[in-house]
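Next up: the structures, one after another.
In the two complexes below, chain A is the common chain; its partner is chain B in one and chain C in the other.
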Partner chain A sequence: MAIYSFWIFDRHCNCIFDREWTLSSNSSSGTVNSKQNEETAKLLYGMVFSLRSMTQKVSSGPLKNEIKSIATGKYRIHVYCTASGLQFVLITDFKQQSYTEVLQYIYSHIYVKYVAHNLFSAYDFADNKNETRGQGFRKIANRNFVQSLESFLSPMIVQ
Partner chain B sequence: MERHTVAGVSATVNSERSDVDAMTEQQRIQQQLHVFQSSLPKVNELAYQLLFNEIIPLSMAVEKKLLNKTNLQDDQKVAKQDDDKATKDFEKLHINASLDAPSHKMCQEISESDQTKQERVFERVRNIGFQIGNKITELLVFSNNPNLRFKDMDLLAIMKFICRDVWKQLFGKQIDNLKTNHRGTFYLFDYDYRPIQSFSLESGSAEKELALVKPFLELPIGIIMGVLSSLGYSGEEVQCMATFVNRPDDRPKSTFHKGISFHVQVNSQ
Partner chain C sequence: MPQAVLVINKSGGLIYHRDFEEVEVEVEDRNKPSSNDLLILASTLHSTFAIASQLTPKAIQLQQQPLPNLVPYVPMIDPDNLVPRKKLGSFKGDDYFKEPFQNWNKSGIRSIKTDQFTVYIYQSLTGLKLVAMVSNRSDTINETVVNNLLRRIYCLYSDYVMKDPFYSLEMPIKSELFDTKLRNLVKQL
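What follows is the complex of A and B.
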């Protein structure tokens, strides 16, 4: 199994999309936008956030230092941050070094096309002040987005 | 016509002067075309698409503002006698005008509002489309093809003009199918109407999706009517409406599951 799960966080520190695969044999197994993953999402966001601020502090030179991946004993976390504060996070095994292109593709060809250009979906998933700072619950449930993400990622589940 | 003869003369001169073969001549023409195309004015396609779609939420916002304004005026009439008008006017001037609701809420509001309000919004969108259609004819006839003469052409030619040139200019593609009974009834089928392709809700809400898409079809209706009116078919004699149709099975899958059919009825004497 090459990829385990995929997450999107918005600039209000909310998890707006999560997808977890449980069986490597079946690409449609697992959960989408599950309530049970809420705590995991918060932990994951916290880990990425703190390591990200650490990397930004421990850097020299004029260019901003961005975190790309975090490796633990069991898996590797790949992070792609956009200027608008979105974070695309992919948890994988160790077979492949970089998933930057994959995450970039998801952002530019799937997220932008089906969420940003979709007039029926919100572009800011925190509706009011009470839902910012990690208190939000709204998720991307849009049919086209879920479908095309699924068909894009499913060949990578077993690799 | 003048341009053609000039090009013809220069071509014969060229072939007499030196035995340039057909290939290089072809290349030269292609290069000229390239230079011509790169000299045309351009806009960013994305910005254009976003603005085009934003017309519908905008119409709803205008409708709401107008409604609020009339309500406000009614209130003011009641409260006029005991209030100083000058201070009230002064209070209305504030620097941080509140923002309108986001577009997706506006779209939702259109589909949820009552019939008369909905019809007023649709009317406004159609009028915007009408203006676009009216002006795009001028642009396309006089900048793309000065030789087109609509005077001696019939309605079918005008419909073809809409299907080819107008649709190509506005949406980057042509209408997929045109059907007619040669008595003033036309069906224009667009199986992948571009502006709505990335629109979708969560799965299992197809009905709601179609209701939300409805206002977006008023704009092309207005455009078709505008083009027809600028070419001499206007007012009562033209009717146009849009319906959803199933896409044929042999077409590649698109992201929006329904095609659009525009039904145009022209009753000319």
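What follows is the complex of A and C.
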């Protein structure tokens, strides 16, 4: 199994998309935007957030020191942040070092195409003040987005 | 050579910190983290370390297959004085250990890669964490090499900190010997 799960967080610290695969033999197994993953999403966001602020504090030079990946004994987390505050997170195994291009592609060819350029999709997933600061619940449910993401990532599940 | 080495005690406090930044590096550019920043860094690492094991994907939980945990041995040879190696405290032989060893840090964070540097964490069974920050400019240093170095530092810790009668547990390390030995060890890399 090469990739385990994929998450998108918006600038309000909300998880706006999550996809978890559970069986490597079946690329459609697992959950999409599941309620059960809410707690995990918060933990994941909190961990990446605190590590990001920490690495930026100890960085040198004028450039921002963005976090690329976090490896644990069992899996590796890849992070890609955009200037608009979106965070693309991919949890994988150790076979491949860098997934930066994959995350970049998801952002520029799937997210931008099907969510940002879509007039019917909300551009900000927090509707009012009460849904900011991690209190939001709205997810990307766009059929085209989910389908193309699925077809793009499914070859990577078993690698 | 790593940029910095940190020792974090089992309750998340920073007990030792040493910077190895080369002097010629653009000094004005580098905003040195204050000691307060380093304390925050240490406790952040400690807390996220614990969170990481809770985030284990369901696919791995279902697999139940133990992952390989052995770290291969990397010899560290001092190119300057190859022939008579200095004594290694209470360790016999010319190296602290000579066989592959178990990585006890099974589900916590092992490394954090950023644009500028990589942070490697080695955890002992007693909960002590040794942290090394390695600049991305040095491409010879990888995870195995750093794990070997950190285990050697742990050997130093057990020799020069644990056997110090004036050292109180969990408190900052102020041992001259530990300092110089660590410096020599890191310089070999």
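One rule holds in what follows: the second predicted complex is superposed on the first by the 159 of 159 C-alpha atoms of A that agree within 3 Å, B and C clash if a C-alpha of one lies under 4 Å from a C-alpha of the other, contacts with A are read in each partner's own complex, and residues count from 1 in each chain.
Methods note: contacts are C-beta pairs under 8 Å (C-beta built on N, C-alpha and C of every residue); 3 or more make two chains touch, one makes a residue touch a chain.
As the structure is a prediction and not an experimental result, all values here were calculated from the model.
By the touch criterion stated above, A:Ala141 is placed in contact with chain B alone, chain C being left untouched.
Contact comparison for chain A: of chain B and chain C, C touches the greater number of residues.
Once chain A of one complex is fitted onto chain A of the other, the partner contacts of A:Thr40 are limited to chain C, with no touch recorded for chain B.
Contacts of A:Gly73 after superposition on the shared chain: chain C is touched, whereas chain B is not. Of the two partner chains placed by the overlay, only chain B lies in contact with A:Lys113; chain C stays clear of it.
When the two complexes are overlaid on their common chain A, residue A:Phe152 makes contact with neither chain B nor chain C. In the superposition on chain A, A:Ser121 makes contact with chain B only, while chain C stays out of contact range. Of the residues of chain A, not a single one touches chain B in one of the two structures and chain C in the other.
Contacts from chain A toward chain B in the complex involve residues 113-114, 117-124, 141-146, 148.
Of all residues in chain A, only 1, 4-5, 20-24, 30, 40, 43-44, 46-47, 50-51, 53-55, 57-75, 77, 91 touch chain C in the complex they form. Chain B contributes residues 49-50, 53-54, 56-57, 102-104, 107-108, 198-203, 209, 212, 255 to its touches with chain A in the complex. Put simply, chain C touches chain A in their complex at residues 25-26, 29-31, 33, 37-38, 40-41, 44-45, 47-48, 51-60, 62-63, 67, 69, 103, 105-117, 119, 133, 143.
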